[in-house]
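Below are two complexes that have subunit A in common, paired first with subunit B and then with subunit C.
Entry: the complex of A and B
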């Protein structure tokens, strides 16, 4: 009977109930999006770092990978030291540089990574062959579209270009062997990969035995943070960054962003709470005569309170469920816009749906709906029967 | 006015409502309104009493005290053999549910419920099974002449029909006492006459009825008329 009466009250003013449910749905969608946004980048970044199974990155001391043009010297010596640690399984030194490709009488510039294709963790091959030969180059789709080349074409590639004299340095003919997707690259970034020794040869003595970055896989069961500490002790020229330290650094950089998301989420929750409280209070005020009569004919205060709370809960639950769909749709749309932002890795998602976080957020909203029903329920339950009836009679 | 009688079994059995020196004051700003000023009254089981008087004389206040939806400032109120003037909310609600039927001027039916569901509402609260609710609600609607309107909602019923549904609802839990506050106040003369005749039939079938009214026809149909003025019974309290 309680549910029937609660439904009756909600159905009695359909338009108002629908508007309230939509209001709660918008608040729920906003709350969900803020929760997805607050945790999405962090989780997405973590997944990205773990995607190729490398646990530790080494960058020049005091920098982050590819944060500056600085390079790590003595690659061979460092590799030898690293191999003495039995917990280190694979070592992948990476050298970064700029490249210039002459195509259709134009100079097309981009970035290139010098890697060892057997242990690299920077890209995945989409078609063709990896850079197994010294004269091989693999490029991403953005660069491929710019140079208008096909797999098998020979490209004239240089690592330096002087626009005043229009002369190239470190020039070499390379064969385009594959199409690749760089995991950490932005959608609008022109990137290529060659063997590290090829890039060293093209750039000359300046980068001889140097690397921009080391990527390290640890043995299964080994603690990456312990290995990181060991590296920083034995190789003082590098900063060792494990996944946990990288996440901590990302957390630090995104902390204001996350705080903002949490504040907006809390505001959404509060708006939802106020909306339900207002609607149910207005409904109780309008039905004060009806409620007084129900009390007069013997309906208990507890049942009146329960009925009003149910009204708040129904609005909140229906609104929250609608908000779930609305929030996911909005997040998807906003993600597509933000992911296209220049300079961001295309694999990074701003909004990441994590069921537990989503259900917690929606649970919180429903709990606030219950709380929102408490005040009007208390009002309804404590209406003085005879006085209310007298007021109604006069009205 | 009926002389106060010491509580005896015979008295309790015969008298269903007994008020002794009942006062009810309301605060109104800085002043106090004396709605009832020492009212004593006995109503016998099976009686049909009309309380009349000018507006503001305390008729509805008296009815509310008898109906246990208000409490006196002083004095005692006994209904169906129980002191009700100091009952807590929970006790008073349970008492009303089983012992008192209310009929109001504005019907106050639940707009989204059918006539049958409106009548069944107090029975659901009293713990009747769904089948029992349905069966008794149908019987009551038949009694008030609305068996053909069971599925209709209040908005689909005329004023007189709505009031008859409200009367059926008031009878749902077989109360010992039926209280009505201006039951014909919102009805035209013809429909009002139908309600008057329904009250007479109910009384003839054994129901104790107390009505508060300005309607002379309704008051004249009662077996006993009590006149009130300025919070006091001025005439009729002594007529058994």
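Entry: the complex of A and C
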């Protein structure tokens, strides 16, 4: 009965109901997008960091991994100290550098990682073989397209270019053995991987026994933050970054987007609330005579209040469901804009759909729909019956 | 003469032995609790330069001593409004060029030269000339470098534009809905006007004028609110990132666009809502 009356009231003024539902749908879409933006970025980054099971990264003191050209010296000595901690299961030192590949009389530059293929966590092999041999190199698709080479080809690779003499340094012939996808690489980044000792040999004494980054996997059940504290105590020349500290740093750098999401989300919720309140209030004002008659024939005040609140909730729920589809579409578009950030790993999504986020947005909207119906419902419930009937009769 | 020479010698000695000065930025001063006149030791790398001297011991590592320089903080400077530095959280020390070259072991090298040209100089020709004779470097226009380094902000700008479009769509629906409600609330007044012989066109025009007035009033309030929000945004983010960069600017163009758009949307909503009512017979509007 309650739903039939509420439906009849909404259907009576189709145009305004449709407009209100549309308004709530746009507000709901915006709210969903902002909830996705506020939580998705962090979750996406966490998933990326955990994707290969490494819990801690070590960078040169005071820096973030690959944020500067600084390197961590004494890799062997640091590795020995790390191995004394029983909670550390795996250690993967990584050395980063620039490379130049001469292909078809062109110089193509990119970045290269020197890794140990048995413990690396930077890329996944797509085809071919990993860099198991000292003269092996694996590249990503972007670089592969630039050099127009095939697996098995021999490449002339250099790690330095002297602008004074316009000559290459650290040059070596390497065999292209595999096609890889770098997990932390940007879409338009040309990257390659070789064995760390190969890269050290190519770059010479400058990087001997040095690493740009250590990736550390802790034993199952061990607390990565405790291990991180231990590392910072015993190896003062590095910054140890656990998943939680990395997320905190990313949060700090991208706080602008979280704040924007919070503000726009709150504005969307308020707009939706205002729209539903206005619509239901006007609807109640128009039907004051009808409500007075219902009260006069014995329909309880609670019943009237429930009916008005249901009207608000119906508009909010229908609008929210429409907004869900609209929000997913706009989130995809907005994500495509932000994914063009220079240097952003392609695996990072600013807008990540999580069922929990959708439920939160829907829950907030339904709550605001109920809240929006309270004032007009209270007005409808407290109309003086005889006076309202008399006013309506005169009108 | 002898005293003059002695004085000059002592001055030279003093200059050679007294620590040189540096300037630091506000963020570093705040974080490290530094003030003008403080003495610092600068190292180009954390711990030792030669890590071969590091020794593993049960208590961990004991870094060796790196080449260091003692300096005095002579000034605390505010950073320029450089968008590329915002949110990076870098700490900045300004040193004399030769001082940094010596400390970093960079020798007689620099990362880049900045060249100011005379007014009216033909920059394109100058660039061609420099690049023609250059040996090991390349010259670019500052404008071209700015375009390349501002890619991040182009992305943010595109994102803001997209959010702006969504906001405009939401506002349009909201405005249309409110205008429909407002006009429908007056169906009895409109019916009475029509029964008195007032023409449809006059009724529509009066509603459009009313809608336009409401839109302008709303726009004025919106501009005032927007200006206040803009001041808050600048105050908040300038304090957060310690930068004089303006994050939000309210320009006459933006105000004009907002007012015009609001007027257009309001008037359109008024037209749509009023046309619906004037096409309905007055007696139907009165519920007869």
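Here, the second predicted complex is superposed on the first by the 390 of 395 C-alpha atoms of A that agree within 3 Å, B and C clash if a C-alpha of one lies under 4 Å from a C-alpha of the other, contacts with A are read in each partner's own complex, and residues count from 1 in each chain.
Keep this in mind: contacts are C-beta pairs under 8 Å (C-beta built on N, C-alpha and C of every residue); 3 or more make two chains touch, one makes a residue touch a chain.
From a predicted model like this one, the values you see are computed outputs, not experimental measurements.
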- Task: Judging by the criteria at the top, classify the pair subunit B and subunit C on subunit A as clash or fit.
- Result: fit
- Message: Output check: A:385 vs subunit B and subunit C. Expected answer is one of first, second, both, neither. What do you get?
- Response: first
- Task: Would you check which partner chain A:4 touches, where first means subunit B only, second means subunit C only, and both and neither mean what they say?
- Result: first
- Go through the superposed model and pick first if A:393 touches only subunit B, second if only subunit C, both, or neither. first
- Item | Which superposed partner A:355 touches (first subunit B, second subunit C, both, neither) | neither
- Applying the touch criterion given at the start, work out whether A:301 contacts subunit B, subunit C, both or neither, answering first, second, both or neither. first
- Message: Which partner chains sit in contact with A:293 here, subunit B, subunit C, both or neither? Use first/second/both/neither.
- Response: first
- Message: Quick test of understanding: once the structures are aligned on A, what is the angle at the Cα centre of subunit A formed with subunit B and subunit C, as a multiple of 10 degrees?
- Response: 90
- Message: With both complexes overlaid on chain A, does A:86 touch subunit B (first), subunit C (second), both or neither?
- Response: neither
- Item | Superposition-derived comparison: subunit B or subunit C, residues of subunit A touched | C
- Message: Just to confirm the value: shortest Cα separation between subunit B and subunit C in the superposed three-chain model, in whole Å.
- Response: 8
- Residues of subunit B that touch subunit A when the two form their complex: 60-61, 64, 67, 69-70, 89-90, 93-94, 96-98, 100-102, 104-106, 108, 110-113, 117, 121-122, 124-126, 169-170, 173, 181-182
- Task: In the complex, go through subunit C and note every residue touching subunit A.
- Result: 45-47, 51-52, 54, 56, 59-61, 63, 87-89, 135-137, 151-152, 155, 158-159, 162-163, 166-167, 169-170, 173-174, 176-178, 180-181, 184-185, 188, 237, 240, 276
- Which subunit A residues qualify as touching subunit C in the complex? 13, 15-16, 19-20, 22-23, 26-27, 29-30, 60-62, 70, 73-74, 77-78, 80-81, 162-166, 209, 233-237, 252-256, 260, 264, 268, 271, 274-275, 278-279, 282, 285-286, 330, 333-334, 337-338, 340-342, 395
- Message: Quick check on the complex: what are the subunit A residues that touch subunit B?
- Response: 1, 4-5, 7-9, 11-12, 289-290, 293-301, 303, 385-386, 389-390, 392-393
